[in-house]
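Pasting the structures in now, so scroll down.
Consider the two complexes below, in which subunit A is the common component and subunit B and subunit C are the respective partners.
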Partner chain A sequence: MDAHNSSTRERILKMRDVRISFNTANGVVHAVRGVNLDVYRGETVAIVGESGSGKSVTVKQVMGIRSHNEVIEGGSAEFIYTDEKGERRIVDLISLSDGEMTKLKGNHIAMVFQDPLTSLDPTMTIERQLAEGITYHQHLVGKALHERCVELLDLVGITDVEARLKSYPHQLSGGMRQRVVIAIALSCNPELLICDEPTTALDVTIQARILELILEIQRKTHVAVIFITHNLGVVAKVADYVNVMYAGKIVEAGTSEDIFFDPRHPYTWGLLSSMPSVLSKTEARLYTIKGNPPNMLNEIVGDAFAPRNPFALEIDFEKEPPCFDVNNHHWAATWLLDGRAPKIEMPEQLRVRIAQLKGSEDIGYE
Partner chain B sequence: MAQAVMKKQRGQSSAMGHYVAERLAIAVVTLFLILFILFMLLSLMPGSPFNNEEKLSPDQIAALRAHYGLDKPVLERFFLYVWNMLHGDFGVSYNIQTNMPIARMVGPRIVTTLGIGFAAGVVGAIAGFLLGVLAALKQRSGWDTAATIIAVLGVSLPSFVFALGLSYFVGFKLGWFPILFSASDPIRSAVLPVIALSMFPLASVERYTRSEIVSILDSDFMLLAKSKGLPGGLLITHHVIRNTLISVLTVFVPMLVSLMSGSLVMEKLFSIPGLGSLYITAIQSNDYNVVLAISFIYSVIFILSMLLVDILYVVVDPRIRIAGGSD
Partner chain C sequence: MNDSKAAVTADMPHTVKMTEKQPILSVRNLKQYFKIPGGNVVKAVDDISFDIMPGETFGLVGESGSGKSTTGRAVIRLDEITAGSITFDGDDISGKLNCDVTGRLRSNMSMVFQDPMASLNPYRKIIDTIATGLDAHFPHMNKKEREQRVYAIMDRVGLSSSQANRYPSQFSGGQRQRVGLARALIMNPKLLIADEAISALDVSIQAQVVNLMKDIQDETGAAYLFIAHDLSMVRYISKRIAVMHLGHIVEAGLTDEVFSHPVHPYTRALISAIPRCNPSTERVRKPLVYDAEASGISYTEGTLHCVTETHTILATQRQYEEWTK
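After this line comes the complex of A and B, so read on.
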C-alpha cells in the first residue's frame, strides 16, 4: 500500500481542532475535544471508538447535521471539491450557512446511515426517493432520470431493477434497503461518502456483502470514504487509515497496518485485545477494558484514558499527552512514547496475537 | 420485465376492487343486523306511540294499532318495514307530525345536520392541520405557543361557550352573520354554528398534527432526506405531509362521524332544525319510525365513514396496500 505517499494524494477534507459541546439539562457536555482528520480521494478513513466517543458527532459536522443544543466551540473543516462549472473550490464546512450546505449535501458529500429499516420514507417508492436528489441537484427529469436510477441500482448490485424501482421500502429486505440507501448516497457522484456504522443493523452475512459493495464502489468511483464503526473487524476489512477515538479525541492514527500490527496507545492495545478472533482459541476469557469512559460533563485533566489504563504514568493524571510521531504516517497521544518514559511494551498476550494475525492472510474476525 | 410490473399493478388494482366490494357486502349485512336489533328493541320499549292514549277507549287503540299495522307479529312487521324501506318508504310519524312520511320529515334535517357537521369537520381539520404544521415547524416560537393555547382552549372549553361567544360578538355586536339558522339563507346562517363546532376538531387535529410532525422530523428517514440536500419546502411536501396524514386520519374520521350526527346544544343555541333534537323528541314520544330512521342513518354514516377511512388508508399508506401478487 503506497497510500501514504503524500505527494500523489489529493486531499478532500481537512479537519483541524474541531471542538463541539452540547448544552444539556445537566450541564455542558464536551463531546468532541479537538479533532484533526484528513481524508484523501479514493481512500477510506475509519474512525473507531466506543459509543459516546464523539465519532458520529464529528462526522455529522461534515454533513451539517446539528442538533439544536449543539455548540461549535471552534475548529475548521476544509472541504475541497470541484463544482458544477468544473472549478476547484475550498469551503469551510463548519462556518457554512445552512443554505450553502444544502448545495453540498447529497451532491458532493453524502451519507449512509446506520439503520436501513428506518432510513427510507415508508410512503414513497424507491424510484422517487432515489430521484429526489438527482432532480434537485442535477436537474435530470424524465427518461434520463429513470435511466440514471436504473444505473444506480445496478451499481449497488440490485437485480430486477425495474420492479424494485416501483417497490416501497417495506417490500425490500434489510440488506436490499441498505443497498438502496447507498444508491441514494451515490446518486449525485459525491466526492466524499460518510458511512455511519452502515452494517451495524444488518446480520453478519449481509454485513460482509455491504462492506464489499462499498469497497467495490470506491474502486469504481474513487470516492473518499469516512467509515465510522466500533467494530474492528470491519475496520480491518475496509480502512486504509484508522483513527482511534476516545472521549472526544483521536488518540492514535495511522495506516491499517500501523494500528493493527504496531499499536502504540494503551487504549488501542485494549481495543485489539478485546477483539474476538478465531485464532484466539487458547484464550479462556475475552479481554475487556476495565471501567467506563469518562463523564464528559466533567473537565478532563490529563489523559482521558488514564483511569482505565493499567500502564498509566503519573503524568497521565496531570498533563494531557501531545501527539508523538511513530513514523510519518503513524502517531499516538500517549506519554509512553515520550523519550523520558519508562520502556513499556504492549501486553504479551496481544503481542502473541498480532504475530498470529501477521501470519494469517485475513485479520481474522468472525 | 416491464410487462411483469404492469401485470402486478393491475393485480393490485383488481385486488383493491375486490377488497372494496367485500367491505361493502359486509357493510350491507351489518346494517341489516343493526336494523333488526333496533326494530326488536323498539318493539320492547314500554309506552305507546299515540298521544293521549289514556283518553282513548280500548277499541280506539286497537283500531289505531290496526291502522298502522302494529297488531301484526313483530317479525312480520320487520320484514314489511324492510320491504317498504327498500322501496323508499320509511313509514309515517305517529305523533310528532302525525301521518307525515318519515322521508319528508327527516330528509331536510339530514341535509342540514350532515352539511353543518361535515363543514365543521373540514374547516376544523384544515385549520387544525395548518396550525399543527406551523407549530411543529416553528417549535418553541410564538406561533407554537399560540397554537398550543388555541388547542388547549378548543379541547377544554365546551362548544356552547364558543357558540355563545360567537353569537354575541360576531353575530350581535358586529352583526356580520345571522345569530339564528334560517332555511332561506342556509349558507350565511350556518357560518357561526360551523365555526363553533369546528373548534374541537381544530384543537384535536392541531395537537395531533404537531406531535406527529415533531416525531417525523426526528425520524431516520427525515435525516436521510435532509442529507440529500433538499431544501426545507421539498422536505415538508415530499416527506412530512403524507406521513402525518396517515395518523391524523385515524383521529379525524371518528370525530367527523360524531360531528355529523348533530349536536343538540348547537341545534338549540342556533335553532337549527337538525337531527339531534328530532331524535330526542322521537325517543321520548315513542315515535318508532322516526327513531328507527334516524338510528339507521347514524349507522350508515358510521359504517360508510369507517369504510372510507380504510380505503383512504390504502391510498395514503402503501404499507397497508393489499398484497395482490406481491412476492
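After this line comes the complex of A and C, so read on.
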C-alpha cells in the first residue's frame, strides 16, 4: 500500500490535543479528552466507537458546529487548503470566527449526516437545495447552475435527473435522499468530506450501495473523508486508517489491516469479538464487554477502559497509559504494550476468528 | 393459487415430522392490508405462513417496509388482521377473542420493542413498569409477593433490586432494554416477540443483551420470534429464519442452510450486502444487487418449493429450476 509513504501524502487536517467539555445541569461532561487526528488527501479515516465516546463532537469541531453549552478547553485543528486565488492557506478551525468559517463550510469542508430526511428541507425542491451552496460560494446562475446540478446528480448515480431535480425530499426513497445529501456536500468540490454515520439509518442493501458510491466518488475526486461509524464491517469496507475511540480519547489507531488483523488494545479486542461473524459457524456464545461505558461527568483516573477490561493491570487504575508504537503506522494506548507488562495475547476466540478471516477467500456470491 | 400455497405448507415434510411436538405458534396465510387515503390498499403482509416450535428462536429478517414488524404486531393482536389464521398454544387467536383466550394470550405472549426509551413510561418507577403484567392478571397479589417477583426477574436480567425505585431516565440504553425484557418476562411467557429489540443499542451492549436472551431461553424454554434487520445477529441467535420482502416470505429454513446456501436472489443479495470484517477482501468485493422490479420476479405468482426438507423458497417452477441449477 503506497499510502504509508508519507513523503507523497498531502496532509489537509491536523488536529492536536483537542479537548471539549459541556456544561450541563449535572456538572461538566468531559466529552473529548485530548484527540489527535491526521487526515491526508484522497484517504479515508474512520473513527469507531460507542455512542457517547465523543466521535461526533470531535468532527463537529472541524465544521464549527458547536452547541451553546460547549467549552473548548484547548487544542488546535489546522486545515490546509487552496483558496480561490490558488494560494495555499493554513487556518486553525478551532479559533476561526464564524464569518471565516462560513467561507469554508460547504466550500472546502462538507458534511453528510445520519438521517437524510432531517438534513433536507421538506419545503424546497432538490434543485433549490443543491443550488444553495453553489450560488453562495461559486456565484453560478441560470443555465450554468442548472447544468452543475444535473452533473452532481449524475455523479451520485441518480437516474431521470430532470424529474428528480423538481421533486421534494418526501418523494424520494431513503437511499435516494442520502444520495442527494451527498451530492449537496460535493457541490463545491470540497477538500474534506465528513460522513457522520451516513448509512446507519439505511437498510443493508442500500448501505452497500451508498458505501460503493462514496468509494467511487473518492476515486474520482480525491476528496479526503472522515468516516464516523460504529459498524466495523463498514469500516473494513471504506477506511484506509482507523481510529478507535473510547471515552473521549483515541485508544488505538492504525491502518485497517493493523486494526482488524493485529489489534492490540483490549477494547478493540472486545469490539471485534462482540461482532457476530456472518461467515463462520455460529459460536456457542458471543464475547461481551462487561459493564457500561464510564460516566463522563466523573473524573477518570488511569485508563478509562480499566473497569471493563479483563486484562487490566494495577497501573491501569492509577496512571493513564501513553501511546505505544507498534510500528510506524500503528499505535495503541494500553499498558499491555509496555516492556515491563506481562505478556498478554488477544483472546483465543478472536485469534481463531482473525485466522479464519485471513484464510477465507470470501468475495460474496459471485 | 392461494390454495396451492396452503397445501404445500401444510404438507411440508418437516411439519409432518415434528408432529410429536406441536408448534407453539402457527401462522397460516396471514394477510394484513392497510387502507390508505385515496382508496389504495397497502399489502403490508401478503399471505405468509410459518410455525414456531416451543423453545426455539425463529428469526424474521428483511429490509424496512418488508412487513416483518407488521407480522409481529399481527401475531400478538395489536392490529386486526385482514385474513388468515393464527393458532397459539392450541387456541385460535385470529378471530374475535373471548375472555378466556384473551387472558391466556396476554399472559403467555409478550413483546419487547425497539426503542427502550419510547416503550417505557418516563413517569413510572421501573418496579411498576415491570409489574404491569402482575397487576393486570393478579390484581390482588399482596405487595410483598409482587415485590419479590419483580426483584427476582430484575436479578435474572442483570439489574440490581436496589434500582427498582428509579425512573427510566436514570438508566442507560442497555439497562432500559433489560427493563423492557424484564417486563416481558415476568409472566413467564411461552412466546416472546422481540421487534428489533437490540437495534438501538451499541455493539458491545447488543452482545450482552443477546447472550442474556439466550440464557433466559435455556432456563425457561420460551420461544422467541426475533425480528431484526441485522442479519449477523439473527444468524447468531436463531435456529430457523425466514426472509421477508415486500410482504412475502421469500425464503425460509434452518439458519445455517439459508446462510450457507441462499437460493432466492433477494436472500443472496441481502447476505452479500452485509459488510465483512476483513479489510483486504472487503474493499474490492462488490455486493450483489437485487431489484425486484427489474428482475421481473413476481412474488404473487410463486409457490413454495422445498430445496431440502427444511429449506423452502417462494418461486415459480421455472425460477426454481433456474436458481437451483
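Note that the second predicted complex is superposed on the first by the 358 of 366 C-alpha atoms of A that agree within 3 Å, B and C clash if a C-alpha of one lies under 4 Å from a C-alpha of the other, contacts with A are read in each partner's own complex, and residues count from 1 in each chain.
Operating definition for what follows: contacts are C-beta pairs under 8 Å (C-beta built on N, C-alpha and C of every residue); 3 or more make two chains touch, one makes a residue touch a chain.
Just so it is clear, the structure is predicted and the values come from calculations on it, not from any experiment.
Asks: Do subunit B and subunit C fit side by side on subunit A in the superposed arrangement, or is it a clash?
Replies: fit
Asks: After the superposition on A, what does A:Ser274 contact: first (subunit B), second (subunit C), both or neither?
Replies: second
Asks: Would you check which partner chain A:Ile184 touches, where first means subunit B only, second means subunit C only, and both and neither mean what they say?
Replies: After superposing on A, A:Ile184 lies in contact with subunit B but is clear of subunit C.
Asks: Scan A:Met124 for contacts with subunit B and subunit C and give back first, second, both or neither.
Replies: The first partner, subunit B, only.
Asks: Put simply, what angle do subunit B and subunit C open at subunit A, by C-alpha centres, to the nearest 10°?
Replies: 70
Asks: Can A:His137 be said to touch subunit B (first), subunit C (second), both, or neither?
Replies: In the superposed model, A:His137 contacts subunit B only, not subunit C.
Asks: In the overlay, answer first, second, both or neither for which of subunit B and subunit C A:Lys85 touches.
Replies: A:Lys85 contacts neither subunit B nor subunit C.
Asks: More residues of subunit A are touched by which partner: subunit B or subunit C?
Replies: Partner touching more subunit A residues in the overlay: C.
Asks: So, A:Glu212: does it touch subunit B (first), subunit C (second), both, or neither?
Replies: The answer is second: A:Glu212 touches subunit C but not subunit B.
Asks: Taking the superposition as given, does A:Glu50 touch the first partner, subunit B, the second, subunit C, both, or neither?
Replies: It touches subunit C, and subunit B stays clear.
Asks: Is A:Glu162 touching the first partner subunit B, the second partner subunit C, both, or neither of them?
Replies: A:Glu162 sits against subunit B, while subunit C stays out of touch.
Asks: Would you give the minimum C-alpha distance from subunit B to subunit C, in Å, for the three-chain superposition?
Replies: 10
Asks: Could you please specify the touching residues of subunit A with respect to subunit C in the complex?
Replies: Answer in residue numbers: 50-51, 174, 203-209, 211-212, 215, 230-237, 239, 256-257, 260, 270-272, 274-279, 281-283, 285-289, 292, 357-358, 360-366.
Asks: Which of the residues in subunit C come into contact with subunit A in the complex?
Replies: 63-64, 172-175, 202-208, 210-211, 214, 229, 231-233, 235-236, 255-256, 259, 262, 268-290
Asks: What part of subunit A is in contact with subunit B in the complex they form?
Replies: 63, 65, 101-107, 110-111, 113, 115, 118-125, 132-133, 136-137, 160, 162-163, 166, 168, 170-171, 181, 184-185, 187
Asks: Please output the residues of subunit B touching subunit A within their complex, sorted ascending.
Replies: 1-2, 4-5, 8-9, 219-221, 223-231, 234, 238-239, 242-243, 246, 316-319, 321, 326
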